[in-house]
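Each of the next two complexes has subunit A plus one more chain, namely subunit B in the first and subunit C in the second.
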Partner chain A sequence: MTSTTRAIQLGRKERPKRGSLLLLVPGIASVVLLGILPLFIVARNSFAVADNYGGITDGLTFDNYAKLLDPVYSKTLFYSLGLGVLNTVVCLVVGYITSYYIVSRPPNRQGFLLLLVIIPFWTDFLVRTFAWITILGSGGPIAGVLGVFGVAGFSLIPSNVAVVLGLLYSFLPTAIFPIYASMRSIDPSLKEAATDLGCGWWGVHRRVILPLTGPGILGAALLTFIPTMGVFVIPVLLGGGKDPLVGNLIVTLYTEFRNQPMGAAASMVLLLLMLISMVLVGLGLKRSSAKKGA
Partner chain B sequence: MKKLTTAAVGIVAVLALTSCSTGGSGDGASTELNVYAWADEIPQSVFDAFTEETGIKVNVDNFDSNETMISKLAAGNSGYDIVEPSQYAVQQLVGQDLIETLDKSKIEGIENLAPKFADPSYDPGLEHSVPWVWGTTGLLYNSACTGGEEITSWESLFDPKWKGKVNMLDNMLAAYIAGLQVNGYDADSTDEDEINAATESLIEQKPILSGYNSTNYGDLVASGDVCISEAWGGTSTAKIIEQNPDVHYVLPEEGGSLWVDGLSIAKGAPHQDAAYEFINFLLRPEIAAMATNDGGLASANAAAQEHVTDQGVLSNSAVYATDEEVANADFIVDPGEAMKYYQDGWTRVKAS
Partner chain C sequence: MTVDRVVNGFARGVFVFLYLPIVAVIVYSFNAAGTNTRFEGLTLQWYVELFQDAALMQTLQTSAIVAVITATVATIIGIMFALGIARYRGRGRASLLALIALPLIVPEIVLGVALLSVFSTTRIPLGIGTLVLGHLIVSLPLATLVLMSSAVMLDPSLPEAATDLGCTPWQTFTRVYFPLLRPAVVAAWLLSFTTSFSNIVMSTFLSGVGSTTLPLKIYSSLKTGLTPTINALGALLILLTLVIVLLVGVTQMRRILVESRG
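So, the complex of A and B:
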């Protein structure tokens, strides 16, 4: 964290040359064309009026947002928030334990362990989700083992357990990396010192490692929580699609309902939630670094 | 430094240009054709044969839902010549003025089409589309799972006896086919009370359901995770039935429904002459038969049937439902103004 701020300060002192500014043009152009412009269009559409054929008419209305207050929609929103929080907590706990294990291995083994975490990313997300259907479904390995012990008809597809497992599997790597990064920079002698001064296993974690890993954990929380809210494949394939998430809602509004303005409004609400969570994390980071300074 | 500057400007220019480079030549014979079709519905062999005969290069893009296709066309400058909308999508595209009115004098072989597609309700006189392939919405069930019981009615999907073993298609209009017909109404109803009654049935049904799934419902039925599922007839369904003798596809006694995907010409298509040539090519009986031979789908072309290599498929209801079976089937047409009753209802179903 401190090294990045120093880099920024150093960068500010140097005067950018005109030529190097021009080199930034492609980058800026792609950010504007691919990021800001589409976002602006979605924001504009969220105040527009839908016509009967899925098009957009020029109009200015707050109806799209007002309609989202309907209990029917807000239920979906709260369900997504709940699932997002649950998945974040689960990913952080498992991610923390995994990171601690990796950090405690000899340095030459750590690279290999991290590679194991990355390997699943080489396969398509959808394929990996389908693999979970096989693992948890009837006819899968779990059902097979249970069958030997006389438990027939085991299948977790579809179920909420399968959804939570699927989400954990998908987002665990994004939780591990930030936590691992900040955990690795902790001087091992701090842990020894804490033990010498009478801290037990729990004390070492609670008073030393956890606070020092704080920024990484907050970053991991953000990286897990935000994408979880937008997921729409996992609830359908693993959970049976009976409880839609905000992601599913947006897809339905845009496609089946041919209601782009309302889809855009739901997207903006999701975006707002993400911004709020980022601000909260930002505040958390500030507080933890202020503490360190004192 | 100047070199770098020029390079940067060049890159930006290329970025800006690529977004509108899909257009093509206006005059003269086209050498290219841009097709936007359902995945796997026009077999590659058809495109190859067309290119071989005419020398026209075909560029194909696929979509997985009518809605995706419509929004892409609505965004403008798609550059597509031929699109392949389903029946209700034809109505929506006409309503949004996104497809051309066909010049019948340029079309040959339209008399080859089966009588039931010659003058369909969604596009009277086939002014905007030429039917290519068709299929049904019905029931897929696993007789090992139902204990040998034959499933013949939508009512099975609403029967608490099968709690946790029933799947519905995750598609509003498809779900309402079952919801409306089980109440004795037409699947293309635009009546508010009828649609509300269907909504109530679908809400009552939800606790019985294993889930809503229109992706891999066939596998779920084959594995027995689900005993009965609402299903679309077609290639994937036919394959599953072939592999597992316990799996059966039936059109429910309440009627079920028909879908048909046809060929239309996108508004302002850059290669109109090639587009007409392509439509005429696909109307030839021996080419239309390739939809069945290579694609596993039912062709809308009656004259194509004698060119089907596996004649058994003509009596396989998962592909070619017989005229008696589809006698009571409804075409799902665009609900128009009634769309909002469906949407409100479906939202309530999903949130219940």
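So, the complex of A and C:
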């Protein structure tokens, strides 16, 4: 391309600027009005005093946050953090292995395997959850097989095992996509070189593939950790509601107790944890790209 | 190499794990034994009962209306944003992209209570309208990202040629942009539709009396136990997912879910 034609094209690109800015208005307005401003209202409400009718008064107090430290609530908070960490670690490990399997197949087979991950990802969340009631419940295939061997009364519904399986099932595809995306861009000759230099399976992964997949793993962790804590359907349907997550706490406070200020405080805690993990992931990404540059 | 074999075997097991629930829902939806206790032969009875359940059909209608409106609005706003940002090279481009993707990062439940707070403060009654607004904020980023990935690949000389040949901006849109973006428009609409149709989190906070959505109805009936009718409904929803995934196409799906994250 000659410099004149490029100059003409650039000149043309500059011209419709004002028109293009107007096109952005509805999108930006939607996010600001339906997303950002409402979040500020929640932030404000978390310092407000509840009245007796499910509304709020204008007061300013830290009581709502202080009450979250009460064992009744803090138990839920710590349990959620624990389950969030557990689910994230399991999703990352299983997601890593699955991604590596997909990446090592020939390209046309990769497309098919990816499709196999995409279908469950888009399947209705409730269907994906209640399917486990069928599988693990007293009338399911496992109970049927055990019944043949004389083990009667098998049922894992409700149980914490079912909750963990349900969470893994819900978040595994979410974790696979970013990890696969990172792994796909790794030059295969790096793996060959490492093998030629005497690295075994473990060495190849620890020294070559795992570090280069870092950004994808961090992205997957971000998409798994906090969203797990906000889940409320799985603990009710698969866990019998005995061990609630922060998501259940928020739903109960808003819809049953009609205590908006406390619900707002619990929501702000979730939002704050999200921001903290985003900063941590940002720092992690910076470190991994600095390493790559060195 | 033995480690390789074990790891590959594990990965194959993961694919079994991904399909076990889907197969179970479909198989048990044809199970003649009503209480799910044993498999006792095939029946279509649950599908018949499903469509005779008037209350359930009412919620299906609500969900369909909300999803169609949400998907249409999200797609229109998404097209505008995608075309605007594809041509915009000025300052703040990165911030604008981050802004439009923001609702994907904020936990959905927090977005739900945030909108509920707005509606309860302003005394806007909960119903179809509030559901649409809530579903819009979670579908819009998705629709926009899908459309943007196509819009940035458009050759800028095509609309310029149209303008030079005397097309008005609207004609340029209908004759040049829209035909070129059509696959992305279809994908954005379908994915926004499913996002809204299967949404439970926003709906929990934003549905009012008489505007119960299908997922809310399924959730409340599941609290008392899984019925074969719900299994049949689940099988139909799985079929819907399959149709949508195939309509959007694997290539495009891959671009949305993998390449945009690479």
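Please note the rule applied: the second predicted complex is superposed on the first by the 276 of 294 C-alpha atoms of A that agree within 3 Å, B and C clash if a C-alpha of one lies under 4 Å from a C-alpha of the other, contacts with A are read in each partner's own complex, and residues count from 1 in each chain.
Here is the rule we go by: a residue touches a chain if its C-beta (ideal position, glycine included) is under 8 Å from a C-beta of that chain, and two chains touch if they have at least 3 such contacts.
It should be emphasised that the depicted structure is a prediction, and the values quoted were computed from it without experimental measurement.
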Inset, instruction - Look at where subunit B and subunit C land on subunit A after superposing the complexes, then choose clash or fit. - result: clash
Inset, instruction - State whether A:133 touches subunit B only (first), subunit C only (second), both chains, or neither. - result: both
Inset, instruction - Answer with first, second, both or neither: which of subunit B and subunit C does A:65 touch in the superposed model? - result: neither
Inset, instruction - Could you tell me if A:259 is touching subunit B, subunit C, both of them or neither one (first, second, both, neither)? - result: first
Inset, instruction - Give one of first, second, both or neither to describe whether A:37 is in contact with subunit B, with subunit C, with both, or with none. - result: second
Inset, instruction - Please work out whether A:22 is in contact with subunit B alone, subunit C alone, both, or neither, and reply first, second, both or neither. - result: both
Inset, instruction - Give one of first, second, both or neither to describe whether A:227 is in contact with subunit B, with subunit C, with both, or with none. - result: second
Inset, instruction - Please work out whether A:216 is in contact with subunit B alone, subunit C alone, both, or neither, and reply first, second, both or neither. - result: second
Legend entry - Contacts of A:76 with subunit B and subunit C, given as first, second, both or neither: first
Inset, instruction - Please tell me which partner, subunit B or subunit C, touches more residues of subunit A. - result: C
Inset, instruction - Once the structures are superposed on A, label A:117 by its partner contacts, choosing first (subunit B), second (subunit C), both or neither. - result: second
Legend entry - Clash with subunit B, by subunit C stretch, listed 9-17, 117-125, 135-143 or 171-179: 117-125
Inset, instruction - Jot down the residues of subunit A that show up as touching in both complexes, subunit B in one and subunit C in the other. - result: 19, 22-23, 26, 30, 55, 130, 133, 137-139, 236-237, 254-255, 260
Inset, instruction - Sort out for me which residues of subunit B touch subunit A in the complex. - result: 1, 4-5, 8-9, 11-12, 15, 65, 67-68, 70-71, 74, 92, 95-96, 170-173, 206, 209-213, 215-216, 220, 223-225, 336-337, 339, 343, 346-348, 350-351
Inset, instruction - Give every residue of subunit A touching subunit B within the complex, in rising order. - result: 19, 22-23, 25-26, 29-30, 33, 52-55, 71-73, 75-76, 130, 133, 137-139, 155, 157-158, 236-237, 239-242, 244, 252, 254-260
Inset, instruction - Please name which positions on subunit C make contact with subunit A in the complex. - result: 1, 3-4, 7-8, 10-12, 14-15, 17-22, 24-25, 28, 33, 35-39, 76-78, 80-81, 83-85, 87-90, 96, 99-100, 102-103, 105-111, 113-118, 120-121, 133-134, 136-137, 140-141, 144, 156-157, 160, 169, 191, 194, 198, 200-201, 204-205, 215, 218-219, 222-223, 226, 230-231, 234, 237-238, 241-242, 244-245, 250, 253-254, 257-259, 261-262
Legend entry - Sites on subunit A touched by subunit C in the complex: 9, 12-13, 16-17, 19-24, 26-28, 30-32, 34-39, 41-42, 45, 55, 94, 97-98, 100-102, 111, 113-128, 130-135, 137-141, 144, 169, 172-173, 177-178, 180-182, 184-185, 200-202, 216, 219, 226-227, 229-230, 232-233, 236-237, 247, 250-251, 254-255, 260, 263-264, 267, 270-271, 274, 278
